[in-house]
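What follows is a set of structures for review.
One chain, chain A, appears in both complexes that follow, with chain B as partner in the first and chain C in the second.
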Partner chain A sequence: MANEYFVRMGDGERISMTKEQIIADLQEGSADAADLGDIPELSGDELDKLADIIMDSNRIVSVEPGMEIPVTHDIGSIRIDGDQGNSGVGIPASRLVGCMMHERGFGADTMELGHIDYSFKPVKPVIAQECQTMESCQQNMTVPLLYGAMPNLGLYYTPDGPFENPGDLMKAFKINEARESIEHAGDHATRDITWIMQHLQKVGCDGVNFDTIGAAGDGDVYASLYAMKALREEFPNIYIEAGMAGECTLGMHGELEFEGNVLAGLWPHEQVPLAEEAGANMFGPVCNTNTSKSSAWNLARSVTFTKAAVEASNIPCHVDMGMGVGGIPMFETPPIDAVTRASKAMVEIAGVDGI
Partner chain B sequence: MCFFYSSTIELFKEVVTTTKEELYKELSDAIVSCKKDQVLAAVEKARGELEAPDIIENGLAAGMNEVGTLFERGKLFLPHVMMAAEAMQAGVDELKDDMPESSNKAASVIVNGTVEGDVHDIGKAIVSTMLQTSGFEVYDIGRDAPVADFIAKIKETNANMVGISALMTTTLPGQKEVIEALEEEGLRDKVKVMVGGAPATNAWANKIGADCYAENATEAVNKAKELLL
Partner chain C sequence: MPISHIMASGLTGMRAAGDLVARMQFSEDMRINEAKDYVSKKLGVEAIDLGDEYVMREIREELDIGVLTSVPGCAKGIASKMNIEKLLDIEINCCDKFREITG
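Entry: the complex of A and B
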């Protein structure tokens, strides 16, 4: 098997492929992104470079000197203390300790404080605790410390919230009612996120990370963009990170707009200008991993989408890299060979500003 | 002469639009337009020319497939899918009396749910909606559903198929548990099993003894049709 290379499937399984098979998958993956997003495919040189990265004989690869990039961090310190299938390692540590570990032990260039539920809505009743923890973290840390959570519009629908579930309404053909429910939820989420950040700003918080924008579809994007706009107006210096949930904005409503732009069906390169307009300082594009395809196919597809987003953006793009996104397999502890290859490709081919 | 010439063209056009393929396309386009009036008009026009099952299968259902594809590509959105489905239903109702007796068989019943411990239900709900809009009788038992709930609903509705969703690698084994419970209850031979959700794969479906895996809602509809119709 001298001319076969170890690669991964999208679910992390180890397989071997020939160079020709790898190149065919790279071409196919890039073409798939180009077709869906109506964006350019990777060039022949770029595909060759991607093939070299994938076929590198080393288990771990890295960027060329001078190409180092900053790493921002999401999901708060849940990576340390979380134990719910979210790649947390279940070490009981305070959030201050968790944040400081990321700053001083793991080399995170920005960090964020997050709540165990990691959605904005449940932060409201514990805002005093969040403010106090933010303050003590700020007093002990140097890197920019943001507050991070998911807009998670799902929490505003029954059974978790006041508005009827648009999915159920839709199934009963109550399309207008479903749309109204999404609009109400969106407005509530905008109001809640703004309120939460107003409090955190008072204790010296450096900014906010909107994590997994669009998880509940276009309503989620609507809520997030208007919250960003309100925060930017009120706090001209607040640092705003906008990280997406998926590659395409799901059209649950279909007609919601931000400043005249329809939000449903947007791909990363179409999402970033809106985040920028809303006042974000940084954008986190996402591309989903297909578990039934090889890492070559997935990575070429992710790099194609991400490159187009980077080119369309005037703000730094820190691509979302983790289990099941950015060409990385969908696996709780993503294999390091795949993670480092995908990261190198994002920096050297997609041209991302950070991860 | 001139008049004669143009009316010949009109005549020619008329002949062309009433060919079978053109009628299929008109029906299908009407569904993609998501407009009930347009669908009913197309059905009315096709009625004299085509058999009712042909209108439904090659015209309306083909349009619905197209809607599914456009949805997966981010070109049409959930409300459009629902409007198209509603329009399709109106078209099918219109044709009810023209249907041969034998085709009035009961719709296949599918129970859909997300396994216990997993609260992700957006994708599964879309799958339920698309199955429903394709004519299946769907019972969606929601998310975080214990194995016992799957079994109870399957028994209650006399289901022919169960769709099991899991969105996390940690909850994926829940799909296997439902299959094992079906075996224990002696229901496995009666109920087809379809699995899905981002971490599931064909290989996984084979490993746990499911009947099929589908990557997205459109594929789920096609696989369900293959297995049930």
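Entry: the complex of A and C
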């Protein structure tokens, strides 16, 4: 064990590896991202620095003084009062109290308000309640407070929504019908998101966090980008954060476009220009964690993807680093050693503008 | 987990100047160094001070832009944001609404 270091697997389990094994995983992880995204691998110096971060003997590591960045928050106060399904800790508290706890108790740089379902669609019937809560929160808080929710196109398909499930249609080889269903769902989601944010902006909301864009594939991205465009046109000063769900946009439809650009198959450095064009002023690139690989492999891969997105971007990039993304283990309470190593690496090597 | 990130890399919000830097990123699409330069010039400090609770505590109280602990008489909530607007030369939506309502 003398020449071995504690690292984590992608599921959070503690393992030990030699320096040579760690470096091999770093090279392999970076090469995998470079191959998939057609982007540069990390340089030798960058891999050395990443190895030093991972092999640091301390449990907690941090950025050098002066390198600190803002940490934006998703999921809202559901982290406090939500159930395990949202990784909530089940403390009964109002959403105002939850938001203020993040601001005053946890040192959050921004916060967001979210509905308990955390999708846009179910907000429609309770929009007045959301406006009232947003108004109370804005009156009591100092840090930027966005409204956060998932585009979640899945809720527009049967049995939860009005349009036939494209998965069922594809199984029956009804490809054109499946595509039409995705297009209808996308247009409805755009309309719903825009309508919800129109109401919230009227009561003083700072802006919107689109959380997990693309979770339902390219239709989800299509709906989100057109909603951003509509909101930017109507509210020139609105804060728009575009947080992605995955490293690659899945082509559930395959031919959907935004302003002439096909959405399917885009990697983070190709997603960010479209978010910019749509009107976002913050982008959250994602790289998904592979639970069967080491944290060295996952972190090198994530830093490689993120660095390329940061370089391609003209707007601030706040990399998504929740459970199972950005080199963080896929585990509800990710080990602090793994989180702080990933955090430092993203700031000091990928050059992110925030997390 | 978010607290691990805040401790490792965060500007720590109102403990220091994290909310101000984040506001400039959102308001003006500023990248991290540009936002830090802008805020530090407005505050009259070095960029490294923006994450320093010792420096920022006094400045936040002096400028009345919101402090972490509940100091009687200090601006809180929307009142602190109205001072932040003036300090950073930006407009904040809820402050606009407040002015509309109060005339």
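Everything that follows uses one rule, which is that the second predicted complex is superposed on the first by the 354 of 355 C-alpha atoms of A that agree within 3 Å, B and C clash if a C-alpha of one lies under 4 Å from a C-alpha of the other, contacts with A are read in each partner's own complex, and residues count from 1 in each chain.
One rule holds in what follows: contacts are C-beta pairs under 8 Å (C-beta built on N, C-alpha and C of every residue); 3 or more make two chains touch, one makes a residue touch a chain.
Predicted model, so just to flag it, every value in this text is computed and none were measured.
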| item | value |
| --- | --- |
| Contacts of A:179 with chain B and chain C, given as first, second, both or neither | first |
| First (chain B), second (chain C), both or neither touched by A:312 | neither |
| Which of chain B and chain C A:239 touches, first, second, both or neither | second |
| Which superposed partner A:70 touches (first chain B, second chain C, both, neither) | second |
| Chain B versus chain C as contact partner of A:251, first or second or both or neither | first |
| Which of chain B and chain C A:290 touches, first, second, both or neither | first |
| Comparing the two partners chain B and chain C, which touches a greater set of residues in chain A | C |
| Chain B versus chain C as contact partner of A:203, first or second or both or neither | second |
| Touching both chain C and chain B, counted on chain A across the two superposed complexes | 323 |
| Touch list for chain C against partner chain A, complex | 1-16, 18-19, 21-23, 25-27, 29-32, 35, 47-48, 50-51, 65-66, 68, 76-78, 80-81, 84, 91-98 |
| Complex contacts: residues of chain A adjacent to chain C | 60-63, 65-73, 79, 103-104, 106-110, 138-144, 201-207, 237-239, 241, 281-282, 314-316, 321-323, 328, 333-334, 336, 339-340, 343-344, 346-347, 352-355 |
| Chain A contact footprint on chain B (complex, rising order) | 73-80, 82-83, 85-86, 121-122, 125, 128-129, 132, 140, 168-171, 198-204, 215 |
| Chain A to chain B touching residues, read off their complex | 9-11, 13, 36, 85, 154, 167, 170-171, 173, 175, 178-179, 215-218, 248-255, 264-267, 288-292, 323-324, 330-332 |
